[in-house]
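Lettered A, B, C and D in written order, each chain numbered from 1.
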Amino acid sequence: MKYTIFGESHGPAIGVVLEGVPAGVALDLEAIQAQLDRRAPGKDPTATARKESDLVNIISGFFEGRTTGAPLTMVIRNSDQHSSDYEAIRYTPRPSHGDYAGFIASKGALDYRGGGHFSGRLTAPLVAAGAVARQLLAEKNIWVGAHISAVYGILDDSALQDPEPLKALGDKPFPVLNEEKGEEMRQAILEAKADQDSVGGAIECAVVGLPAGLGAPDFGRNVEGVFSQYLFAVPAVKAVEFGLGAGLAYARGTEANDPFEVREGRVVTRTNYAGGVNGGITNGMPVVFTVTMRPTPSIGLPQESVDLRTGEEVEMEITGRHDPCVVPRAVPVIEAAAALAACEVLKL
Amino acid sequence: MKYTIFGESHGPAIGVVLEGVPAGVALDLEAIQAQLDRRAPGKDPTATARKESDLVNIISGFFEGRTTGAPLTMVIRNSDQHSSDYEAIRYTPRPSHGDYAGFIASKGALDYRGGGHFSGRLTAPLVAAGAVARQLLAEKNIWVGAHISAVYGILDDSALQDPEPLKALGDKPFPVLNEEKGEEMRQAILEAKADQDSVGGAIECAVVGLPAGLGAPDFGRNVEGVFSQYLFAVPAVKAVEFGLGAGLAYARGTEANDPFEVREGRVVTRTNYAGGVNGGITNGMPVVFTVTMRPTPSIGLPQESVDLRTGEEVEMEITGRHDPCVVPRAVPVIEAAAALAACEVLKL
Amino acid sequence: MKYTIFGESHGPAIGVVLEGVPAGVALDLEAIQAQLDRRAPGKDPTATARKESDLVNIISGFFEGRTTGAPLTMVIRNSDQHSSDYEAIRYTPRPSHGDYAGFIASKGALDYRGGGHFSGRLTAPLVAAGAVARQLLAEKNIWVGAHISAVYGILDDSALQDPEPLKALGDKPFPVLNEEKGEEMRQAILEAKADQDSVGGAIECAVVGLPAGLGAPDFGRNVEGVFSQYLFAVPAVKAVEFGLGAGLAYARGTEANDPFEVREGRVVTRTNYAGGVNGGITNGMPVVFTVTMRPTPSIGLPQESVDLRTGEEVEMEITGRHDPCVVPRAVPVIEAAAALAACEVLKL
Amino acid sequence: MKYTIFGESHGPAIGVVLEGVPAGVALDLEAIQAQLDRRAPGKDPTATARKESDLVNIISGFFEGRTTGAPLTMVIRNSDQHSSDYEAIRYTPRPSHGDYAGFIASKGALDYRGGGHFSGRLTAPLVAAGAVARQLLAEKNIWVGAHISAVYGILDDSALQDPEPLKALGDKPFPVLNEEKGEEMRQAILEAKADQDSVGGAIECAVVGLPAGLGAPDFGRNVEGVFSQYLFAVPAVKAVEFGLGAGLAYARGTEANDPFEVREGRVVTRTNYAGGVNGGITNGMPVVFTVTMRPTPSIGLPQESVDLRTGEEVEMEITGRHDPCVVPRAVPVIEAAAALAACEVLKL
């Protein structure tokens, strides 16, 4: 199963084509829409006030309630566009956005309106594709769950050793395990917003139910490499860590090794510091990873840029409405990317 | 250019096939061997006493000093093998090694001797492939350098804002920017060794000279995703971070955004917190990333495992000689992976 | 550049996503539409009376007249649908159509209306994609031309030794080099139509202007393999031959070898029996190949089939309007497939 | 499963790496060697007198009699080399060989000795890879068989409607269904040899036992496209036809359609003019195809070439020993390519 996302923030529509979908699968369309609704803005006071009515429409590969095996295309029409907002940034790239890199890559032919193809809005079709993947995984009793694990240095409890509570977090607009920490995070976001600033954070995600023995140590097939490719394709993701991740640079082998034991007749590891992967292959424990998402680069404060026509340094201000922290709305996005990665690992 | 690594630690030979090598390139064979020598053990008291005379031999795709464009195969013969050391682990997987996952994946047909195809020894052909990639990059004035950025929580200075000093570190067996910190790291490694334990660490690596505009935001083509796939294919890598990486979860937008400025007529960013990539595309700044490597799972202390034949829990001890910390010898390996990734991003 | 065609004959729309399109290319939209118009029915009395107003609409990857490098999506809305025509074939597969194979592959979830995703109608987006490819090739002075080389055993003159006349055939609805032969072919088609039967034929196609040295002998990269993969993806194609093709089984080396000579300072071959490819690599001569297209399997005469519900043999009749010969309308389709293949060979 | 062939005719060794081999498969090494012996020269008076002792050696991915799932590498050492024979052709490309195209592609860095990487000798590792594939297919009761279907216009009986007799032909050095025709073919080859000329021919091959429903109509997944990519990677193949193939250009629908019927409770087609594939998907009938192989371009008669150093036209003579017809020895090669293609179609 391979996905291709198309569209631009201010074009007529965005969408995704899924190739290699197994045939004959009865899709729950409401469940797909429900995933999209999770990422819609306006669910939590920490999010942008921008409205997006993301109604997904399947236009191919689906017939009488089931997948046909032909490419499955899902389309979301765009609306609520204020293209004029963006004229000012056409030749004045916003710092740490894709504007400048994209301008060079496209030889100046970039659709600059609202981030164009670089827009976070393009994660909507990713969520739709992931929703299909989730249904394929559910048939195998595999589920994906995630939570906000950090915002501006405020850390939620870790789900590494026990991801079960993540299963119930899907409906929350601000999913955390520790509500007190969640409240602190919200405050940090609202404070940043009040300062016309933004904050970064992290999401911890678990894929539970993958059998042992999937993947290979080799390039292109190792489980961590496969997952990371899906995860880094999500805008704003700058780090991917499995198990203890970067914390392993602070550990000794005796602290990081996962002893084997037998539980209910199955070989398991007592701890899961490796995040469910050894030697590039699943070991039967939950695959648990953390992604870090950068602070929203769109901030209201004045910033330094360059006019690409004149080559002169200029000061710029970004107008418009933006999420002061992308992390809460990115939770279903990361889950979607993980679900697609899990399908690849399972060769679905 | 695509690489395929083959072989097992205790088989007759290991090697790599490079497909899609540009034709007509005069390869410096001594430079390839020099890269292999960098990762050979015995260079520093912190490394294993095991000897490996990794002489690389090109057996195809190379004629009269130049690449022919046909698949380039490099072979390293194995030697110094003590296969009998490993009989004890055949059905008793070593915690946090690939043994158990590999046993399941191979349906029990695993070559268990010395880690087989999972062995860190397989990074030798990766270094050889990377050495070819480096020569292709050098023609475009692109270079790759790295240093040990952390061992057991002891941190070297960061090269994120200025990677130039990394250029000169290639010949050092224990490459650090801050020699005092390096000495502390060595102590930590030797202490772990004395305790029959091991330690984890991290490597910071920079690819300098990549032009702006390479890559795309899309799955399969975004620069961070491409690099991560190469990096996670290196055994023991558990985290990959670009620029400030996981630190971005502690930052505000004002702290993380990279302002644009004009330097010597070129558009650059004043800082490089993004690690040279915006929107999945290079922005012309050095691509800088950090990988975390887990503590060597092979430790001398007794550990808990399971006998895969009887399903009973057993205590095991790992014998043989092992690096108490894989980080120092992994520096040229990470550089090699980065060089190969850079070639893919450049469509070489 | 990679294309993915989506949609079904009787779904809301069909289309194509082109990934990896070079950025900054000014596309001539009228030229794209003109290619689509070439394959539209109703241009020649030999074609189906069915009307298809294939208006192509670019919905992504294109901004202010130029490609942006983001996935380029072209959509064609469906119309003129008589879905009820097809209820009869739902469980009674039409001989030599994809119905039965598709029914099994889709586990019964096939969109059976009008051939669904198997319909020849899906060649419209292929032509649109090919039209983009042609524009990329034109920038390099490479052009693609084709003619009807055979219908029901009536052969047109061959363009193998001199493809130049193919350049001017693009506007003809029934492109042949020898108009007398063309008239005979038309008669054969009309006779078959009168008999409620159909006829097969062949198309000879040339790609002119490809430089020598593209491709490789290896799997996945050899020029003939690349082209054939694009060509066999066109419905009804059952044979692909390069140069003298199957005729080489009747030849001696002295008859088939192409002597080298120098013409206007360039090394060329006097003849082009190899069709422009030696050892899987272009030799600088036009790449010339012939594809055979089976007789339209939809014929009006009664045929034998099986009721897939009861497992009983049944007689069936196919109603509706069909081309008695797909070859004339397939000429721009084959050219489109060739243009896309040429782009791959050129690594565009 | 993906194969990569490496090596040159006059290098130290040739070989193949098979990635993605299923683990735990007990390989019959003698059966692999037996396939290689089938393609060895000297079995029939029509073949070259050149000796090749192709002993295959597995150096990775195989342990204690079973595949491990790691890349499987098979190596064949070279011998019986007369490199000096080839100095004369270094800058004088042999007509219709890969010499000139390869010289340009390699920027002059071609290993010109004995065809280098373009040599027919490189089909030996392909046969070895195919021998592994055959064993995987045999576990699913799928077999591959082929025969010489044409030499210089002399046609063997067709196996299209009944490929069963092909099953027993594997041991014959000159496999034909009709021995009289075989004798005529031999005569044609020997006459060509006496004339210092060569002849072309064709091979008909069947893959029997593939279930219905494999493949898809789409680019990259359709069965004919997959097979053709493997087949055109065999040197000298210039045409690939499925079922009636190019003969369909002479047929009406009533002659080419395959009526469905029920045989022993299974839906089958009475005839197999489509060669087992409809709409790019297997229909459960044997997949039958024909490949045409060009006359050996190496002929003893004087030929016209160009000196690539001076740009002057020159006359050349090819010395050395060559097969006057590559078809007989190519039979196991085509079977091997078909076996690998079948594995891909089965997603093995």
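The criterion applied here is as follows: a contact is a pair of C-beta atoms (placed from the backbone, for glycine too) under 8 Å apart; a residue touches a chain by one contact, two chains touch by 3 or more.
If you're wondering where the values come from, they're calculated on a predicted model, not measured in any experiment.
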Chains contacting each of subunit B and subunit C, listed by label: A, D
Contact-richer chain pair [C-D vs A-D]: C-D
Farthest-lying chain, centroid of Cα atoms versus that of subunit D: A
Distance between chain centroids, defined by C-alpha means - subunit B, subunit D (Å): 39
Geometric centre distance via CA averages, subunit D-subunit C, whole Å: 27
Euclidean distance of C-alpha centroids - subunit A vs subunit D, Å: 47
Sequence positions of subunit B contacting 2 or more other chains: 4-5, 19, 69-71, 105, 117, 216-218
Residue numbers on subunit D that touch subunit A, as the complex places them: 19-20, 69-71, 216-218, 221, 347
Subunit B residues touching subunit A - in the complex, by the definition given at the top: 3-5, 93, 95-102, 104-105, 117-118, 122, 150-153, 192, 197-202, 212-220, 222, 224-226, 228-233, 235, 237-262, 265, 267, 269-270, 273-275, 277-284, 290, 292-299, 301, 303-306, 308, 311-313
Complex interface listing, subunit C residues touching subunit A: 4-8, 11-15, 17, 19, 23-24, 59-61, 63-64, 66-73, 105-111, 116-117
